[in-house]
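Okay, so chain A shows up in both of these, paired with chain B first and chain C after.
Presenting the complex of A and B:
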């Protein structure tokens, strides 16, 4: 039996991602308050403790924006960085995202009451003919956690449904997922249908999924490509800032 | 070297022995098979449980691969729009592309299909009902019969008709983790239950291990040459679950399964397949005594074929490695030709390799690319000639 070199495929990124502790968080919390257990809960995907701790923070009148930035994001961002660096994988990312979502569900109404608007509206779905949804489900949760209002149309979505929904919701961004080499063409078809309908300049379009690359994104006329869910969210946050024609 | 019989060529390559040329194994989904069959005038084009190998043998396959696992039926059969079809595992399958659409919407669908001419989007069958989502359902679940004559009888006829000349592989895919997430439990459910209800996942994986071990032993007893275990745990950029978690969930179960297979026939060849990137566990495959590893889709960590070959190539044979996501369906003829040459150089040098696209050939592959691949594999797949001299 050969001797296995366990170092061969180990993580080779710059450094293992670390928890980024928000600077000056003590000044924004009541005396004696700690966030560490919540960071850890989101990191390890303990959605029950996350729910309890966020309720506690709300009952102490901690500002919802502070709960989000100081309490929820550190653990979640750590996992997102680890996911990108392939230190953790889909199951660990999913449970962390679920915990984040539990906290966010309590905070979102409070943010809305303070007139905080979503970062943008994002319509997402898997293109016509394709039933694979694990990738776009993860992207959806990550986008919601980043503050987007996300409308997920599910799988096997006809171009017309993308267009109707984008129009109805005045979407800022639209994202198409595909797993199969046979269905990835529908990313291009759907983009062409946006053009034909006269709406192409009103949205930024992202594509993703196994058979996609930056070259494919360029070829099919998309505005961007995410290599993974974390990348897609970073790109969405950038694209939502770029100018677009207005929906009437 | 004198010309070998296809079955010898395949077996020798898996054993890293000298061969005249690189053995071949093409697989096609039904739409692609019908398209290619028309060119050859072949009329028997059955796939899945109705597999007829005539066309594949015309293309030069050295082995016949027959699928009987959970994937064998749903993906090859006709399912009506709106119909849910249940297999012997109690998993329900529907058809994508047209689900719940009106006639008008159907027409729109057809219109958009025409956009791509012959490279049509083919509606796929897909699991839409998962039978085990709670401990209660697991407790009441009846596993299928691993001695089902409907599964075993067609293999006997294949052996009688072809084994003198060809290498016979039976495909149990999908077998373990994939069978659990994609079919029995549901993907997102599966990943969450790894944490929420690990005992449910353990129960499902134990049941699958027991079923497939028995089924595999029954098949091996018929006298086949190789058993193929397919279990997709690779995503595009990395594995879906961590290598550590795979070692906990899958490796001991495969160890048990393969030990049992070898009790039925100590000489049985074992192939372990995953789609996507599974490079972190190739060393584990070697520890499990796997003979053939594939299909090496060049994604993520599988990209560096030269490094993988030099690291693991002496201890395990490889199959596949020819890109089916972009190169085969969308490459220009010259790119396809160069691509075949590159894969031969990377993986066939020194032997221990079987040429194959890294997945089924699908309907989106232009016919000229198929012929280019066939020609290039003849030109570049002979030992003693460029690039294998």
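Presenting the complex of A and C:
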């Protein structure tokens, strides 16, 4: 028999990410208010409850930034950390993202009204020939959470549309998603089109998607590759830290 | 230093020999294998994402491991000399042991005898007609005539005067062999063969189902409908990628590679025709009609049509119509006189195989709502009745065929195919031999038992809480693998590696969830498009080689199939092959196939706004959720809140 006993006692396994409770949240909420059930709702992906609680919070005039930071992020970040640590997988991440999306939809217009300044503008889309958007929609939500102004062009996006949008919106970053081994080729094509249009040095380009690798990112001339959504957001934040002037 | 190196592939068994080849330095082991004519299966399409192509370096320069080697094989195997042949490049003379001795002998392919065209309901009308004529030979030099003209004038009710060059070449000899006694063979009025003597009793046809994974052929007597012989095996292209997309990606924008894939399947089809004819003692010259069904990609590759754009949105096929091609043009040399009929296609990912399934299950004539589900790498769902038919493709990926599952394998000898729980887990393998891996039906069973036993929750997480409550024998099966991932051991291995341990990892469960969700959401989406509830479904029919081995209850437990009662679910065998046989025996059916493709509504899943929600919903299993460890401490002080079911 295998050496069971040691492994058996090890079953608790690697350290798992824990919920990061925002410090001093009580001071930013009305007396008697609790966020805990909302953290759990976002974590478990209960989008109906999330919607209800966020509406309730808005009606009580809680600052939208506070709702986002104290109410929505903790549960979602916990899932993102677990996702990164491979404790959970795409299904739960998607379920959680759906709840996050429900909350964000209510908060976003309020944040815009407060003229919050985004950390950068990120144009994202799935390349020409590819209709899949599950991966990039997770990345979109995470980028929005991280404070990016994200312009999601959807799926089957022509290189010209990426370029036009990047120019019009003065995007800092552009991300190409490809979910099929038959469409990754268009990541390279799209980067070449940015070169031809003379806009390659005005943006940082990220690629991602199931069939992609760091090797592929290097080969097609991208500035970076994220192995998963969490990684992609970290990379994006790192890239915008470099002042744009330095890129030109 | 020479740029050439010598690579030797050690022999695997008595049956094959060691093969050596001189190759350029720095090419991958897999490329060298292909140059040497050694088949190594590469399921993930050369991306270093699976272990199928692993080999062992047994002599010579040990190539440095790549990152993918380390990830897929682990530290120990890399040290033992294992490498992924698609990733590793060789620097010097090397001797390599190809690895797949996960012996796939006895790979369960739906044998042809499981599906026979019910000729009682079929009007036999294959379009092949043979007539006996007594032809004159030209006698006088001043008669302005020819052999062909003499023969044509002897045929009553002549519809066409065109004679193929292939026939003309045979005429001088055939005409004079038996003093002008000739058998003329026509297909829908066109002359396709002329031969000496009376062979009117002999007309045969072959029906083919060319799947991404397996190819099956049956030889039928066109005059009686009787099945005479069959042949089948793994699609010879499988070494270039297990699933459809890797196959397309391989051949994309590269005509040479397309030709490679095409040659593989043409050879295989020729081989099966020979096998069938020889088994039934049939002269291959008397095979006049061949019907081929397959998914759009297999169809296109077989015909040598560029598949590059099939892999890109909007995934349009190059051609959809019924096609009839003389065998010599392809070339199918094994049946030189045959007309090859390609059944029509519905869409890029809903091919002629689906059309054939509809044909044989008669959904298009049904009064009640029926659902046809083909569970495969690229699954398809058809739903409806005579009033309205819809179809969609459900890209499940190769997980259900064992690919990208750590201990996964196809349904071959040694694969865990059934999992039961009494006091402890008990696994049965195909062939009742020690387990060497797990196949799709085993995976489905295992997942269902984990759910039954509350070892896994609806979201697919392994149990982490209250482990003490579990029986000891079951509890100790939950382990942490050397990579730090959770795993459930199904079969314990013996020390010294005499037998393998077979387990199911958290990652395997995730792959299973993605795969089964594709099928389940395909069904749900068509239900939503057609506004059909579960109660309205009269019959859900599973087809394809895989459906036979699935435990229906387990499939319902993991929500691969909707929870219909058993009398509403049936297994219909290799419906695609059956449909091909029907089109072989009846031209009316072949025409029906075309009508079906014109009437059916193809639903593109990804283009539907509600798809993502349905897909996410479909990823969960039956049962409830476990509290996560981080939450269990919090839940004590948590206020009760109304729980909404997701």
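Following the convention adopted for this analysis, the second predicted complex is superposed on the first by the 224 of 248 C-alpha atoms of A that agree within 3 Å, B and C clash if a C-alpha of one lies under 4 Å from a C-alpha of the other, contacts with A are read in each partner's own complex, and residues count from 1 in each chain.
Note that in this section a residue touches a chain if its C-beta (ideal position, glycine included) is under 8 Å from a C-beta of that chain, and two chains touch if they have at least 3 such contacts.
Keep in mind the model is a prediction, meaning the values are calculated, not measured.
Once chain A of one complex is fitted onto chain A of the other, the partner contacts of A:241 are absent, as it touches neither chain B nor chain C. Legend: residue contacts after superposition of the two complexes on their common chain; A:159 is shown touching chain B, with no touch to chain C. In the superposition on chain A, contact is made by A:131 with both chain B and chain C. In the overlay built on the shared chain, the residue A:49 is in contact with chain C alone; chain B does not reach it. More residues of chain A lie in contact with C than with the other chain of the pair chain B and chain C.
Applying the stated contact rule after C-alpha superposition, one finds that A:18 touches chain C and leaves chain B untouched. In the superposition on chain A, contact of A:98 is made with both chain B and chain C. Legend: residue contacts after superposition of the two complexes on their common chain; A:201 is shown touching neither chain B nor chain C.
Contact with chain B, but none with chain C, is seen for A:227 once the two complexes are overlaid on the shared chain. When the two complexes are overlaid on their common chain A, residue A:189 makes contact with chain B while staying clear of chain C.
The intersection of chain A residues touching chain B with those touching chain C, taken from the two complexes, comprises 1-2, 4, 8, 45, 86, 88-92, 94-95, 98, 128-131, 133-134, 137, 155-156, 180-183, 185-186, 211, 213. Those residues of chain C that touch chain A in the shared complex are 45, 47-48, 245-246, 248-249, 252-253, 310-314, 459-461, 464, 467, 475-476, 478-480, 484-486, 492-495, 501, 506-507, 510, 513-514, 517, 604, 606-607, 612-613, 615-616, 619-620, 625, 628-631, 634-635, 637-639, 641-644, 646.
Interface of chain A with chain C (complex): residues 1-2, 4, 7-8, 10-14, 16-19, 34, 36-37, 40-41, 43-49, 78, 86, 88-92, 94-95, 98, 128-134, 137, 155-156, 180-183, 185-186, 211, 213.
Touching chain A in their complex are the following residues of chain B: 96-97, 99, 101, 105, 108-109, 112, 115-116, 119, 121-124, 126, 128, 187-188, 191-192, 194-195, 235-243, 245, 276, 279-280, 283, 286-287, 299, 301, 311, 314-315, 324-326, 329-330, 362-364. The touching residues of chain A, when paired with chain B in their complex, are 1-2, 4-5, 8-9, 45, 86, 88-92, 94-95, 98, 128-131, 133-134, 137, 155-156, 158-160, 180-183, 185-186, 189, 192-193, 210-211, 213, 216, 227-228.
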